[in-house]
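What follows is a set of structures to go through.
In the two assemblies presented below, subunit A is common to both, partnered first by subunit B and then by subunit C.
Moving on to the complex of A and B:
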C-alpha cells in the first residue's frame, strides 16, 4: 500500500453550483422575455382576428375588447354577399355601420382580387422554380466561362430597390401592351424574385458534394436527370424556402401592382384592401375581415411546409 | 472490354492552368493500371477525362476504335468509385446500387438479381434497406463498389477509393479490389497517391507529376529501375536516400565520390557515364539495399555514425550520418547498435541508383528505356 497523499484533494468544482432560486429566476426571466416577444409579434394579428368577429361599435369601444362580447360572422358574410349589393354615394348609408353590414363600394372586388393574387403568386412560384432551379444547378455545378460573373450580376440586381425599377418596368410593360393584365405582375415579380431564388438555390447546391454530380452522371444520368433525380430530392428545404419566398413576395406586393393594374380585372388583394381605407366611409370591421382572409393562404402554406422552413432559411449559410 | 488510348491529350482549365500536358498513354484491355502521383499531378483529371466528367482540351481520347472526346459520361460504358463514396443520401443502399441499372432501363428482375448478387459478394446483403448515413465508412465503401460492380462496365474507374478508410481496413480492401479485378475481367484504372497501394494492385503503374508522365512500367520496373529521381523518391517507404557527389575515375572503373566516401560503381552505369567528365551526380540508395560490410565487394562500403535507432517491430531502421548527410537504412532485426557508434555497411552494387544531378534522369542504361 502506498501512503495516502497528505495534501487535500483539490476542491471539486460544482458546475451546477447556482442555487435553485437562481435557476428558477433564470427560467422565469426567459419565459417573461419570450412572452413579451411573442406578444409583441402576435398582438396585431390577434387584434386583426379578434376585431374581424366584432361589429363596428365594439371595435371602437374603450377599452378595446380582445375577446368579442358579441361575436359576429356578419363581416365575413358581408364579403361573400358583397356581390349582390351595389354601393353608391347615395346608398352608402343604407346599411348600419354598427351592424357590420356596412361595406365599401369596392367590396365586390375583394374575392376576384384574392383570386388574382393567388393566380399571380402561384405562377410566380412555378416560374421561379422552372427558371431558378436549372440556373442554380448550372451555376453551382457546371464550370462554364463567366460563372462567377453571372452569380455576381444576379446578386447585384438584388441591391437595386424596387422603386428605382418602377419607371423602366412601367415603360416595358406598356410597350408590351400588358398594362392592366396579370402578366404585367407575373413578369415584374419574376424579375424581382428570381435573383433571390437563384441565390438561395446556388448556395444550397454548392453545399451538396460535387462527387454526387459526377456519380450520377457516370451512373447514366444526363445533366437534367442528375438535377431531377439527385439534386432536387436533396434540395427540398431550399425549394421550400424559394416557394415560400416567391409566394409571399407576390402575395404581399403593393407598389408594382399599384402601378400596373387599373381595373378589377388585374387588381390584387393589397390594392383592393388598401382601397377600403379611402372609401366614402371606412368600415374597420369589414377591412379586418378582409385582412383575415388575406393572411389565410400564407399561413396555410407556412403550416404545410413548417418542418422545412428553418432548415431552408439557413440553407447554404453553412457549407458541408 | 475496352482499350483506352490517350493521344497527345492536354487538359487546360480556365486561367491557363495546365492539369495534364501532352499525355500519351495506352491502357490495355483488362489491365489494372494505377495512376500514381502527388496531389495536383493530374491523375484525377486524367481519370475524369476517361469518365467524361472533364473535357479534353487538346488531343484525342480513344475507347477501342472510337474517339470519345465528345461523348458524355452516360454514353460511355464506365463505372466509377469515388474517394468520398458519393452515395445518394436520399436513397437506400439497394436503390443506390440499383440506380445505374435503372437509368439504363435494365429489367426489374435482372436489377434485383444483380443487386442481391453484388450485395452478397460484398457482404452487405443485410444492409440493403439502410440509408448511407446509417453505415460505417467501410460499409459505404462497399456500397460504392457494389454500385459500380452491378453495372458490369467496360471500364472500372477508382479515384482514391481507400483513402478515407482506416489503415487495417485499407489493406483488406486492397485484397478485395484485386479479387474484384480478377473476377470482373475488365479494365481497371485506379488513382492513388499511396505508393504501397499502387505497388500492390497494379499490373502497370503510371507515375505522374505536374501533368506529365514520369514513368510507365510494372511495379518491379518502376521500383527497381526508376527513370528519374522523382520516381525513385516517390516509391518506397521509407524513401530512397540521395547522396550528392561527383564521378571520379578510379583504377578499376568509375567511382562515386562524396567527401571521403568513394563507392565503386557497377558496370550498369558504364554506358551512361561514358564520355562524361567529372560531373555532379546523385547516388540513390534504398534503405533495404545494404548488407554486412564483409559481404560486400571491394569499394562498396559505407561508413557513418549511428544517429538514431528505430525499431518498427518487423524491422529495424538506422538513421546514419554519412559525410554530414542523413542516410536511412534497414538492418537485421537482431542487430544491436548504439547511438553515436561508428558503423560500416556493405552496399549491393546491382541495386545502386545513379542520377544526373542537373536533369534528375537515371544514368543506368536499362532504366532509361
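Moving on to the complex of A and C:
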C-alpha cells in the first residue's frame, strides 16, 4: 500500500464507451459536469475577488457589477498603507463620500495580525514535527507495551469537539497567565493539530518496510539514528503533508483565538477579519479585500502542494 | 493487535525495560506530555468545573452543586430547541455533502484532459479559513447589494431584492449551504479513494453481462462505497454538530434565535453570560454526544491500523 497514489489505474479503459457517438456523448457530459463543478467551487471566490477591486460607488450598484468597470486597488492600498495614513474619525469617510462606507481604523491591525498568524502557524508546525515524528516512528516501528492504547488515546483526542474544551482551555490559559499572548495559541493549536499529524505519520511509517529498520539496527544505528538517517528522508511526502496541515489549521483557526486574544498584540488574521464583518459601517469592498488577503496563502499552498495534501488526507482519514 | 506487542507483555521485572521500550518511551513522552496537559487534563477538568456553580460575574465564590448544572441544562426547553436546530442543520448539511461529494468524486474518477486541474481547484474551499468563507457568503447573501439577490434578479427569478439570512425560515439552510461548500472537497476526496479501490473487473464483468451504466452504479459502485460513505457521514456529522464559526459571523444566533444552535449556546452561556459551570456542563453533554458518534469512526479507523 503506497501512501502516494499518483498514477491513476489504467484499467478504467475497460468500460469506456467505444462507439464514436457514445464517445462524443461522454465528452459532452464530462464537459458540462466540469463547468458546473468549476462554477460551484470558484464562482463565490470570483465574486469575492471581484468585489475587492471595486470602489464604493460601484459595489453598491444594483444589480451588481460582476466585473468592476473601474477596478481599483484602493482597498488593498488602504491595508498596506494603513500605517502612513492614520484613519481617524474625521478622515475615515474621506475614503469615499458616496456611500458613507469607510475604511476602519483597525485596518492598521491587519498586517500585524497576518504576522501573528504566520508566527503562530510556523511555531505550531515546528512543534508538531518535534513532538509528532518520534512518537509516530515509535508507534509504527517499535512494538512496545501500550502501543495500541496510545493509538486509541490519540484517536479519542482527535474527536473531542474544540467547542467542548472552551471552558477548561480558557481557565487553563488564564491560570498560566498566558491570555492575550501568542503562546496561548501555540500551545492549544499544538494539542489540536498533533493527533492528526501523528496519524498521518504513523500510517506513512507503517508503509515503509520493516527491513530497513532491522538493517540499520544491525549496522549499529541507535533508534534515534535509524529514525533520522533512514526513515526521515524516506518520509518526506508525509512530512510535507503534516507541515501543510498544521500550518493551514493554525492559519485558519478562529474559536480559540476568539477566546484567548484581546489586543492586536496577539490577535490573528481571522479575528481581525471577523471584527470587520460585524461593523455595518465598514465598506464591503474593504472587507472583501481583507478576505482576499486571508485566503491567498492557503489557496497558494493548496494549489502548489495538491498531491501531498490529497495523499495526506487520505492517509490520515482512511489510512490508504 | 500485533502479535509481538502481546509477546512483549510477558512477565518482566519493573525497571528492566528493553532498549526498544526505553527508546519508545522516550519518543512518545513529548507527545504524551502535550496530550495529557492540553487534551486529557482539560477534558477531566471540564467535568470537574461542571459540578460547580462558577460564574465570572461573581468571582471568588464557587459552590459545589453536584449535577445541578446538568439538570439545569437538560431541563431547559431552550437547550432542546438548540439541539433541534443543530440536528436540522447537521442533517441538511450532511445529506447535501454526501450527494455533492459523490457527484464530484464520480467526475474526478473519470480520466479526461483537465482532470488534474479540477482536482487542484477542489482543494480551494477546503484550504481557506472558515472566517473568509463566512464573510464571503455573508456578502453573497447581503440583502441590499449581495450577489444572490443580483443574480436571481437578473435571471428574473425575483422581482425585488429579498432578505435572506434575516429570514428565520431560510437562515439555517443558507448557513448549511456555506458549510457544505467548504466541506464537500474533503468528503469528495475520501469518496474518491473509495472509488479507486473498486476492482475494475467488477464493472467489466457486469458489462459483459449486459448491465447498463445506471445498474452498474447502483449494484456495484454504491455497495462498494459503503465504508467510505459511512466514514464521510460520521466525520461530517461530527463537524456539523460542533460548528461555530459560520454562526458567529453570519447570524450570531439570529434572527431572533433562529440559528441558536448548541455550539453557539455554549459560547453565549460561557463568554457572554460568563456562567462557566453551566457552559461546561453543556459542553460535556455535546462532547459525550459527539463521542458516541465518534465511537463508530474510531472502530472503523482502528480496524485499519
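Throughout what follows, the second predicted complex is superposed on the first by the 265 of 320 C-alpha atoms of A that agree within 3 Å, B and C clash if a C-alpha of one lies under 4 Å from a C-alpha of the other, contacts with A are read in each partner's own complex, and residues count from 1 in each chain.
Note that a residue touches a chain if its C-beta (ideal position, glycine included) is under 8 Å from a C-beta of that chain, and two chains touch if they have at least 3 such contacts.
As the structure is a prediction and not an experimental result, all values here were calculated from the model.
Chemist: Regarding the shared-chain residue A:225, is it in contact with subunit B (first), subunit C (second), both, or neither?
Modeler: Only subunit B; A:225 stays clear of subunit C.
Chemist: For A:42, select first, second, both or neither according to whether it touches subunit B, subunit C, the two together, or no partner.
Modeler: A:42 sits against subunit C, while subunit B stays out of touch.
Chemist: Using the touch definition from the top, say if A:130 reaches subunit B (first), subunit C (second), both or neither.
Modeler: second
Chemist: Is A:248 contacted by the first partner subunit B, the second partner subunit C, both or neither?
Modeler: So A:248 only meets subunit C here.
Chemist: After the superposition on A, what does A:233 contact: first (subunit B), second (subunit C), both or neither?
Modeler: After superposing on A, A:233 lies in contact with subunit B but is clear of subunit C.
Chemist: Give the label of whichever partner, subunit B or subunit C, reaches more residues of subunit A.
Modeler: Counting residues of subunit A touched by each partner, the higher count goes to C.
Chemist: After superposition on the shared chain, which partner residues are touched by A:57: those of subunit B (first), subunit C (second), both, or neither?
Modeler: It touches nothing on subunit B or subunit C.
Chemist: So, A:194: does it touch subunit B (first), subunit C (second), both, or neither?
Modeler: second
Chemist: Is A:143 contacted by the first partner subunit B, the second partner subunit C, both or neither?
Modeler: both
Chemist: State which residues of subunit A lie in both footprints, the one left by subunit B and the one left by subunit C.
Modeler: Correct list for subunit A: 143, 145, 222.
Chemist: Quick check on the complex: what are the subunit A residues that touch subunit B?
Modeler: Counting only subunit A, the residues touching subunit B are 143, 145, 209, 211-212, 214-222, 225, 230, 233-234.
Chemist: In the complex formed with subunit A, which residues of subunit C make contact?
Modeler: Those in contact with subunit A are residues 1-2, 4-5, 8-9, 19-21, 23-28, 30-32, 34-35, 37-43, 45-46, 49, 100, 103-104, 107, 109-112, 114, 118-132, 134-140, 142, 144-147, 149-151, 153-154, 161, 181, 186, 189-190, 193-194, 196, 200-201, 203-204, 207, 216, 228, 231, 235, 238, 241-242, 244-245, 248-249, 252, 263, 266-267, 270-271, 276, 279-280, 283-284, 286-287, 290-291, 294, 297-298, 301-302, 304-305.
Chemist: Quick check on the complex: what are the subunit B residues that touch subunit A?
Modeler: 14, 48, 51-53, 72-74, 78-80, 82-84, 86-90, 99-100, 103-104, 147, 151, 157
Chemist: Given the complex with subunit C, which residues does subunit A contribute to the contact?
Modeler: Residues 5, 8-9, 11-12, 14-15, 27, 30, 33-34, 37-38, 40-42, 44-45, 47-48, 51, 59-64, 130-132, 134-135, 137-139, 142-145, 147-148, 150-157, 159-172, 187-188, 190-191, 194-195, 198, 202-203, 206, 222-224, 227, 248, 251-252, 254-255, 258-259, 269-270, 273-274, 276-278, 284, 287-288, 290-291, 294-295, 298-299, 301-303, 306, 309-310, 313-314, 317-320 of subunit A touch subunit C in their complex.
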